[in-house]
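Common to both upcoming complexes is chain A, partnered first by chain B, then by chain C.
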Partner chain A sequence: MAITSVKNLKEFSTANDRFEGAHTLCPGCAHSMIVRELMNCTDDNLVIGTNTGCLEVSTAVYPFTSWDTSWIHIGFENAASAIGGAEAMHKARKRKGTLSDNDAPVKFVAFGGDGATFDIGFQWMSGAFERGHDFTYICLDNENYANTGGQRSSATPIGATTSTAQAGKHSYGKKEKKKDIVSIMAAHGAPYVAQLAPNKWKSMAKGFQKALETEGPCFINTVSPCCTEWKFEPKDTISITDLATDSLMFPIYEIIDGHELNILYRPKNVLKVEDYLAAQGRYKHLFKPEYRHVIDEIQKGVDDYWEMLQRREEARV
Partner chain B sequence: MPKEIFELQDREVWDGNYAASQAMRQANVDVMAAYPITPSTPIVENYGSYVANGYIDGEFVMVESEHAAMSACVGASASGGRVATATSSQGFALMAEVLYQASGMRLPIVLNVVNRALASPLNVRGDHSDMYLGRDSGWIQLGAFNAQEAYDLALCAFKIGEDHSVRLPVMVHQDGFITSHTAQNVYPLSDEEAYKFVGDFKPVDDMLDFSRPVTYGAQTEEDWHFEHKAKQHKALMDSRPVIDKVFEEFEKISGRKYKRVESYMMEDAEVALVGLGTTVETARVAAKQLRDEEGIKAGVVAIRAFRPFPFDLVRDALENVKSVGVTDRSSPGGAMGAFFNEVSAALYTTPKRPLVTNYIYGLGGRDFSIEDAKNIFREQKANADAGYVTTDIQQFSGLRGPKLGFFQTKRS
Partner chain C sequence: MQDIKLKATEKRGLHELEAGKDLLGWDEVTQGSILPSFEGDASNIAHLKQEERDYSHYNSYTATVASWRVVKPVFNMDVCIDCQNCWVWCPDTSIISRDKQMLGIDYDHCKGCEVCVEVCPTNPKSLLMFNEHEDIENALSQWPEKKKKEKK
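Right, the complex of A and B next:
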């Protein structure tokens, strides 16, 4: 049973489970929540490509697999190309009538972590979007190379400490700002682009459904808090996500056809980014007096971005 | 079915690229994902033109790099249809990561490799550096020496790779420019004959068969990786009789005979040259002339199937000669030529152990002439008469400047 009309959690919890609970992701990892939600929001057949990363190494360790659907992993960078190839083959075989069930509805999805999406696989994803394959690319954004022990990616925010952008006596961690991947993908002219979060599960399910139903390449950046590298208790994943969305560190919004921007969640009480940062070990050093300016800088970045989103929503351009 | 009929004559004038692309058309390839690179670009362009003009019913996916091309080929092949592409040189090098993935997943993709040198320095001409780069990648590697063979072997490649007892990707090599851009008479099969020979694609572990979900590209560590790779190696070794069978079937419909190792004037040969690619035809002419002009009993052994390496057939072909020159058209990078090492290993297991010399030649498209081949035969004759290798064991044929060579025979 798919969540065709999103009603309640009970419906979600009893939905068809094509992603098995048996996997080796860390306790508290948001990846599995996001993946399960995607797979439960449609009854259509799924062909899923996954870039190398936490999700891949934790769900297909021979002789086991967590995937009760067609699934392929090639390398760190190329899930979008693999899915593009599968989608092209589906077109050719459907036309020729050589599929085992020529009328079976099928959707093509690629998953990548932020390392695969923002960095090493960016070209492959960009190429697939330019070619217009009918697929949905979902980035599981935990803001670091978590699979290899928490190195920086271009999704790592300024001020976070990572194993390759260390905070120390003379450093407050990463110096560079996070790449604005949602805008970049919207600039590809993709028909549907969104940023979604697993705590707002109804809007996430709706966003996934929109992306799957939209013809052409769709991109969704999902916030996936990483208890291991962000350094918080596994039980706190959703409350950390609440802090992320309510402080507007991760605003929830969609962009249709590259220009029509809709904000999907407006916190009633906007929290200070300080509340979000203070809940995670990776920002602990920012609370030393000498690095307070970085918190101010982060707050300013968040305020400016929120202002931009609101203006764009109003302008409809 | 394609919307338009492509008119073919019994005899066409095609270059190697055109010949290879006609084989793609006749095999009715479902998906070609490709990126252009000299000198293989026309294969890709031609496929696109066949699609545009209705001569083939397939999907032409023009990607943004060769790495993406092979990645899309892997995704397409795992989705249960016929897949082919083409590349050369730097493009081949960029694909390298995914070549190993394709063979590990046992996907019967056909890759036309128009051999070209690897930079640096940048060079667009033919040598075998790219072919050598693929030699441990787990693909079957067939070598065409002219345009006719580029066509014939491309058709055979589908039938070999897609055989359910093989299920491995296949490269068909041809030499950049010398074969790819030289127009020759080519005798094609009719579309009906060609397709009947290749047959319908019969999928295994089809990602688009949702009644039986499949997981491609799983992870294995020390507990299972070794068994997987050993099984893959066995599949490659076991493809040998299938290659032989497909060559026999092809001979029945075309009259053209192929063998994994092809010998020329080897029945009574005293000295031999072992080679790959267009060099073979040059060496054959040289051998014939030397027999007539100088009475040297010269013969040529050509490797048609570079992988799986025909260790036993090489040995059988060469065990009765006295001295062998093994030619490597790839920079050896601080070792003896790779092909020399493989042939030498095979000869070491014979009772008489012929003398073996290594010739590095033709890098970056440097011409290899009939006279160059004759010199190799003459040096082998001198070795045969002396009973030891009279020159450096590794030499450079056709190199300007002072003579370059390495290692001498150890004589007691």
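Right, the complex of A and C next:
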């Protein structure tokens, strides 16, 4: 596999972009940073499937496409099964020798938002992982259905206000906790599962390359701050991601073969989740005295999860 | 130094005006459609730079979102250290970077989100936001001086 060097940014920047501008994602959207990074970290041919979501509706506005690779969109839920089918066909045709270039390296990638991954497409993705197709599934986790107006998804964390779980006099927003999708996918026995963030570009590029190289289904959950629904200024996308990783709301780690857990980034100064929450409009109501207890609850959840990750890293189980 | 003219830029903007003429309308489109991104063979795309590629008019590279912008980033080559932070985090593929050097901004695709200015590490910043109508020469002439570190 021809991989781009990610030793430093200068060398990485010699990659030729295969994701074109003039898509209609919001200014400052992290989705396209993640997609660009994936497509820049390899020279191989890519076959990409995308679930319905912000990424899909914005990059294929008829009569335009922003993708310089093979790209397919079918439904909200089935990028994983579409790419699984394409991969199976490629394997069969390679065996029969009916491809135009039998030796050309091809990688299969599926993109999905958190709605398509955590809720609507979960069954399809789980099925594709069980069948063991050689593909990489990348979830762009912006914690709501941003494409349709910011409804709650099962990725929305506790306390966030969304258009269908609104904060007000009687409610502090969403009351349920976020699904732990990384552990769920690791429990499928996938050879490589990780949670990565765009502000740590190097660990993200290395994680992508590892997932593309690994044979079998790989899952990567990426944090994708949404300036529209998280309610912050577009220019702050990277600094919000910094806060998310440094406050351990989004710890960066990988799980190999379902048990070997490695923490990829340990913040020098662990911030309080309060700093992360205060930077976003969707948590503004939590700073009222009556909802203070939710912040404590979030902090406790984050601390417990970090403790669990550290213990798992040590125990190797 | 600001007017970097790429070969393919000549195609831009033309298609948007003519989109309705020879293509199907939204209610005439069949259920599935294929949009080829390139004219002819596209197997070697990963090894070609943007200006060397033969984009088809379906590729959004030939379109522009410049009208989204109210402020624009201006690039000052004299301060830049070519760290490529802006390149890796630009969401719109609008930083023109060739052979490890930052060359300028692709104003046809930039939406003015200001991420590049935020991640620029130099002092003073080598990218700053100015009003869309501001002349680039004029903007460069009012570049701020190097800030001294505050003593603690």
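We take it that the second predicted complex is superposed on the first by the 310 of 317 C-alpha atoms of A that agree within 3 Å, B and C clash if a C-alpha of one lies under 4 Å from a C-alpha of the other, contacts with A are read in each partner's own complex, and residues count from 1 in each chain.
Please note the rule applied: contacts are C-beta pairs under 8 Å (C-beta built on N, C-alpha and C of every residue); 3 or more make two chains touch, one makes a residue touch a chain.
As the structure is a prediction and not an experimental result, all values here were calculated from the model.
When both complexes are superposed on chain A, chain B and chain C end up clashing with one another.
Contact with chain B, but none with chain C, is seen for A:Leu99 once the two complexes are overlaid on the shared chain. Using the contact criterion defined above for the overlaid structures, shared-chain residue A:Ile238 touches chain C, although it does not reach chain B.
By the touch criterion stated above, A:Phe250 is placed in contact with neither chain B nor chain C. When the two complexes are overlaid on their common chain A, residue A:Phe129 makes contact with neither chain B nor chain C. Look at A:Tyr62: by the touch rule set out above, it reaches both chain B and chain C. Once the two complexes are laid over each other on the shared chain, residue contacts for A:Asn78 go to chain B alone; chain C is not touched.
By the document's definition of touching, of the two partners only chain C reaches A:Gly21; chain B does not. Of the two partner chains placed around the shared chain by superposition, chain C is the only one that A:Asp43 touches, whereas chain B remains out of contact.
When the shared chain is aligned, no partner comes close enough to touch A:Phe111: not chain B, not chain C. Common to the chain B and chain C contact sets on chain A are residues 45, 60-63, 65, 67-69, 101, 104. Interface of chain C with chain A (complex): residues 19, 23, 26, 29, 33, 35, 37-38, 42-43, 45-50, 53, 57-61, 63-65, 68, 82-85, 87-94, 97, 99-100, 106, 108-115, 117-119.
For chain A in complex with chain B, the touching residues are 45, 47, 49, 56-57, 60-63, 65, 67-75, 77-78, 81-86, 88-93, 95-96, 98-101, 104, 106, 123-124, 126-127, 130-131.
The touching residues of chain B, counted against chain A in their complex, run 30-31, 33, 57-59, 61-65, 67-69, 71-81, 83, 97-98, 101, 201, 206-211, 213-221, 224, 228.
The touching residues of chain A, counted against chain C in their complex, run 9-14, 16-25, 27-33, 36-37, 42-45, 59-69, 101, 104, 198, 201, 233-239.
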